[in-house]
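The chains carry the letters A, B, C, D, E, F, G and H, assigned in the order they are written, with residues numbered from 1 in each.
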Amino acid sequence: MNDLIIALIKVVFIWVWVLLIAVVMTWVERRGAAMIQDRPGPNRAGPFGLLQPLADGIKLFTKEDIIPAKAKKLLFILGPILFSLPAFSAYAVVPFGDKIVLGGKEIILQVADVNIGFLYIVALGSMAVYGIVVGGWASNNKYSILGGLRATAQLISYEVPWGLALLAIVLVYGTFSLREIALAQQGTFLGILPNWGVFKQPLGFILFIVAAYAEANRVPFDLPEAESEIVSGYHTEYGSMRLGVYLFGEYVNLCTLSALIVTFFFGAWHLPYINMASFLGPISYGIASFLVFFLKVSFFLWLFVWVRWTVPRFRYDQVMGLGWKALIPLGLLNLFLTALAIQLTA
Amino acid sequence: MDIYFWFFALVAVASGIFMVTAREPLPGALGLLTTFISLASLYLHLHAPLVAIFQITIYAGAILVLVVFVIMLLMTPDEELSVKQYNLSYKSMGAIAGVAMIALLLVGVRGIACIVGEKALPSDFGQPGLIGKLLYSDFLLHFEVVSVLLLVALVGAIYISKRNL
Amino acid sequence: MGVVTLNHYILLASVLFGIGAIGFVTRRNAIILFMSVELMLNAVNLMLVAFSRFKADMAGQVMVLFIYAVAAAEVAVGLAILISLFRHVRGVDINRFNLLKH
Amino acid sequence: MAKPVVEKRYKLSEQVYLWELIKGMGLTWKHFIFNVKASFRPEPHTIPTCWQYPEDRRPIAPNFRGAHMLMLDEEGREKCVGCGMCAKICPANCITVENAKVPEGEEAKYAGKTYSKTFTIDWLRCIFCGFCEEVCPKGAMMLGPEYELARYTPEECLADKSMLLANFHKAKQEGKLRPPREPVPVVGAAAKPGEEKPAASADEKAVTSAAKPKVAVKAKPKAAE
Amino acid sequence: MSGFESIVLYLGMSMIAILAMLGISALLGPFRPKSNKATTYECGVPLFEAGIKRYDVKYYLVAVLFLVFDLETVLIYPIAVQFKSLAQQGWGVFFEIFVFVAVLLAGLLYALQKRAVEWD
Amino acid sequence: MGLKAYTGEGWLLTKMEELINWGRKRSPWPLPYGTACCGIEMMCALAASYDMARFGAERPSFSPRQADVLIEAGTISKKMAPILRRIYDQMAEPKWVIAMGACACTGGVFRTYSTLQGINRVIPVDVYVPGCPPRPESLLYALMKVMEKIEKDHPLRALFDREIGQVDLRSCP
Amino acid sequence: MINHDDYVKINIGPSHPAMHGTLRVVAYTDGETVVSADPEIGYLHRGVEKLGEHLSYHQFIPITDRLNYCSAICNNVSYEMAVEKLLGVSAPEKAQLVRVIMMELARIADHQVCVGILGVDLGAFTPFFYLIIQREEIYEIFEHYNGARLTNTFGRIGGVEADLPKDFEQRWKKLKEGIARANEETDKLLTHNRIWMDRTIGVTTFSAEDALAWGFTGPCLRACGVKRDLRKDEPYSVYDRFDFEVPVGKYGDVFDRYMVRMREMEESVKIIDQAFKLYKDMPADAPLMAKVPKTIKPPAGEVYSAIESPNGELGFFIKSDGSDKPYRIKIRPPCYMVYQAFPEMVKGEMIADLIACLSSLNVIAGELDR
Amino acid sequence: MSLKDQVQSCLGPLVVAVSECQGDLSVEVSRENIKAALSKLKEDPGLSFDFLSDLFGVDNSELYKKTAAKPAKKAEAETAPEEPPKPQEFPPRFEVIYLLLSLKTNKRLQVKVRVPEENPVVDSVVSLFKAATWPEREAYDMYGIRFNGHPDLRRLLMWEGFPAYPLRKDYPLEGRGEERHLIYD
């Protein structure tokens, strides 16, 4: 029973946290973009415009819900659900801190530390396609279908380099548990560098982050939804909260991806050269690990925004070319080198 | 845990029927997706987490995506599939044959099922590592043959679809 | 209902296989046919995993992985054929594919 | 479709995506930091490139062509004599003037002998070209600094005389009245002071004859067929 | 409380939340159907052709390539996770993966050579 | 219809309505329908120097399903009129229209055979902005007027009264 | 002839993010490739030419503002010069200098919008904002000149209506720096960025012969490698006094058009510097208006006069019947000629290139449809 | 040799009339010869008018009315017995003007053809100058002048089915109340 309550608390906590990040991200994105572009951005709703996402939310909630006459009703309704469900559920296996000791009971700061957590992420990643396909197809609008088709082709193309980068990580750490991967990054490596994935897998990191941008449909890979010739891509016909769910799912995705980047490559909650556990109490250590993790995640979230407002976007064939001609061979090379290195050191 | 089995079994069968009777292929594909996911849940129940995950990654995430892709390529949402069959007798024959097949299978497998009793499982049963070891030892050749099979499939698919360009 | 035994799984697998088979012979849409085949393959997979579980033998699970590969190969080539057929007859009704014979 | 062959024009540093990307990100970062710092300044005009409109208005040019005003002279008399020149020149045809003789006993209100009984400008038609101001012989019309003209109905955008006068009073109160336009020097004659439109005095005949173009020979068209 | 049950809990919660969002929106939104409100958006002009016919077959090729490579990566996972321990037994496992990947690399090269992912 | 009793001075309902109005007011996503010169000034209003995004009017969306305020900036020719009408029709409730510039309001100086003499002949207009083109500030002022109008709305009452919302429309071409 | 039924028909525009409001292209595509494109125009047809026949010569000046509204001043001057040619007068020198300064400012503003929008259409939003901030400063100068930001109604027949504002020099100094900075930042963000280069280099290339056959003028022609600029070739106004270069491209692709525009901004800055120097040397009370009658009644005749507007050759053909209203006004908009070659340009390219091409042509519906 | 002479020697008998206004030379050729004339001007090495700058129509009906009215008045005053001009004596109603430019010499030339109202057909010059594609369509749209051999002669600016030719002088500025109707599907 106790376990159940703890699990429930963790689930709720993570849920609220991820939701909050997603909400705040919409604000950060708007204000950040504005600041980059020499303008103030939304600053009327609440202090610093912080309530802007709330206003957007209320607006979307009370907007009329149109189902186009030509659309396939059931599928049209299903689209956003299918899109956001994998996005929302992926965080279940990602850690958000080390552990906290409360009343003599050790609580891992992770919803579920399953030994195939890694594969769970992969599986959910491959499910994200459906929301887009179904949404685009059900709208029965040329731009939507074309956007859906492109989005799908792009997503699946970048799943391969993504998987290859992950494969190299598995080679390095030899486990499918994200917590174990995180734990393995303590200490130093080669004497001087922090024992972080990014130093062991520099190529893998680049592959992973590029693929992550593509998976999240972010600039410069945002063509499924923002390429100017297809209006808004697969969600052209979506309005009201259905659109809100699509947009929201994207931010949740960003959050998960950033957490994954931190977990795999940036030492999760570990600080370089400092062992927090050695001088912090059990509770404060838990909180500190959470905060460190959060800070790292926020950096990558900000990176998403930052890059978005710096670069133009690719053309469709260039995206595919980059994926298949550059990233996948690089991924295979990375895999080969990693395997070789491990074999040699074994 | 019975309820677990029955629930997913029911979902699997229902969505399977939905798929087979679907008027349009995309809802059919979604029905099949549901079947896959419920089967994956059953695999978890059968102590095969790796297979369960692979079921989702490969079947739902790759094979079905391909099917869905083809649906999008070939069919517009406006195009309704005709459920009308051209040959009624053909259809009833098919139905009869199918039912007969189920019956046959049921009768046939009953015999086997009686033989196999439940065995105690080793602790790492179904764990990825174990499968990895097996793939390296007992099934090494199969593993390599799979790669050749995939290669052939790839080449074949490209050849067939490129030929018509 | 009792404890879930191998029989239950076999029953389920047979039913799924049967559904797939019925779909395969009665439907005329080539894509649905493909999906029916997938359903039948899945029934087989379920059987394999169930046996593996109840016989405590991992070979069944490994076999399933190979079946995945086979299924994938089948779908890749099959759908390629379907697409090229489609280009001729502009439809996915297999009755129309028969016309090719003439 | 054959296209001319294009040779690549990439430098090596441009071939690698990352280097230029990082340079660009450095630039955006500079802007970001600058603006974040700026936005914490206390005054309303925080970010130097942005005017946060209702509180922090961009200073408009003194001769901005906004809402029309009907001018009063120093003694508070209406300058307009209702001559209708403005209505005639208006390209959008949006001014209606009805003129009348100044009634008995109201001479103190009007500068001229006649006045405009009604004076309406349809702001929804007006294109704010300023011709009416330029043409007015009495300097009675001026385009003022007011630009907040959005209304809920078209009728509210129909400016009648009282609105135009009110605009004048408002501008005067706020000290936004500008002096009338200066006359522009014309070739030949030095501009006579006090003249609104210098070109007006130009002798029509003289100019046309001086610059008479060679008369086009109207060719006798043959029958087309 | 095993990990899987927590995941199921989490999944259930996500599901409920999404449905709640859409449900509340459906309740709160106004509903004023008009005959032409639900017409398909096509940059403002009337729809002149239903849907889209005849896509590029290259989309399909990309999907096939993906299918094959996804399978490949997925099949290597179980070995990869054991790679460290198996590597201690010699170079066998290295070559196993190497051959597996090499065969597929040949496939990729074939596809690239056939210009399967080029769009011009 | 139990809630109907509340539609009078119901405190909860009023507060809810205030909240909804606040949300709508602070997030008027524009559909920039800039066809001519006014479109350029609208661009200025959206760009850095005036930054309409300060009012939450960000994410200009060209899909009519996702927009709240149709900013019609520029001349509408008779060839374009049905398209404007269709876009307006496809927008989801609640929706507002700003007619920016003389052309949009009345056709302006273009009293010609091919120009629509005011978009109010095709769609209902909430705010008219005179000017040719209006300054960006004028547009922002109009947006604020729209916000004022939103504040006076009764979204929930309208919800129970499904009859409300018959747009009064002059004949459409 | 292409059988259109075989291809997917995609309608782009008029209400479309990349179509600038009023353009419409119906593209027939095979997969991602455009097989043929059919631009449909006329969505902003306002009957300007007909209107011109019903307004007096003077009243038509504000209408010309609304042609190419990105650089209204160039239209004004072009029209005024045509009427002046018809009348046989020419504006005094100081007025010419003021006109040149204003026209070059308008050219910069026009190019800034074009480059910015090209960036936006290709997904790079930030340069657009940086450029627009500087354009805002240009508008400020316009506003201080005669009270309007965009549709200036600049100049009068026979000269200009006002002198340059007193604070022009100091504003110009500031603006010059701003323009240079914005251009440099755009350069940094776009020109050398590999993604940008991929999207623009080699996209919709057009050969010089084709370009001439289709009647290209302006930056689009120069991008194809033809060094033709009316300011150099048929110097009107006082352009023969300035020392500036005509940037030319080589391949006529989107990148070249973009670069030509970027370089032209720099040249314009140079011209303004020189012109302002000459202007300062003029006496303060030098005439700004030629002697023209109050009601302009040119003799019967037909003239055509053209200037180099930011988009290319902008010409006015005026036929006068001796009355106070033009008998026929025909405007030769530069982008009309360029845009008619659009199907030719995008044939065989991808759909996304269609957008890039369109933005780089800088088609302004106002002058396209008139 | 002035441009005028050059053109005249190049075109020879094709020239119907030559006029000049403020330095803009304009030659008139007859309707049948327009293509031949333009190609001659294009190919002539000395002239090489190889760039079509613009092409458009002009409706001269009102001009004729005016000029007809004026001499009539004068005629009454001076020499009364001469007969008033008959309407059929007017030259053809429409003009099509080609604005040519020589890139080599930077000279401009206007070429004019007159097109009667009853049979408003001219040969298309698209095969000579691709640039004529849309201007010809526009002239068709605005004046109803048809161009023989144009690849795609449709309306350009007005919508399909617009009932009039709006730039003709007898068409009122504010139109005759044509509206484009919405088609709902």
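Throughout what follows, contacts are C-beta pairs under 8 Å (C-beta built on N, C-alpha and C of every residue); 3 or more make two chains touch, one makes a residue touch a chain.
This structure is a prediction, so every number in the text was calculated from the model and none was measured.
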Out of curiosity, which chains are bumping into both chain A and chain B?
E
Longest centre-to-centre distance from chain A, chain (CA-based):
H
Which chain pair is joined by more contacting C-beta pairs, C-E or A-E?
A-E
As a quick test, compute the distance in whole Å between the mean CA positions of chain C and chain H.
73
Whole-Å separation of chain centres (CA-atom averages), chain A against chain D
52
From the mean C-alpha coordinate of chain C to that of chain F, what's the distance rounded to whole Å?
54
So which bits of chain B are touching at least two other chains?
50, 54, 57-58, 61-63, 65-66, 69-73, 76-78, 128, 131, 135, 146, 150, 153-154, 157-158, 161, 164
Touching two or more other chains in chain A are residues 34, 36-40, 43, 61-66, 70, 114-115, 119-120, 122, 126, 140, 142, 145-146, 149, 152, 156, 176, 231, 236-237, 240, 309-311, 316-317
Sequence positions of chain D contacting 2 or more other chains
21, 24, 27-28, 49-50, 52, 60, 91, 127-129, 213, 216
In the complex, go through chain G and note every residue touching chain D.
55, 58-63, 86-89, 92, 126, 133, 140, 143-144, 146-148, 151, 153, 156, 158-163, 185, 188-189, 192-195, 197, 201-202, 205, 207, 251, 253, 255, 285-295, 297, 299-302, 347-348
Enumerate the contact residues on chain A facing chain D in the complex.
32, 34-40, 43, 306-307, 309-311
Where on chain B does chain A make contact in their complex?
24, 26-27, 30, 33, 49-50, 53-54, 56-57, 60-62, 65, 68-69, 71-73, 76-78, 127-128
Mind pulling up the chain C residues that touch chain E in the complex?
65, 68-69, 72, 75-76, 79-80, 83
Contacts from chain D onto chain A in the complex sit at residues 21, 24-25, 27-29, 31-32, 35-36, 39, 46-47, 49-50, 52
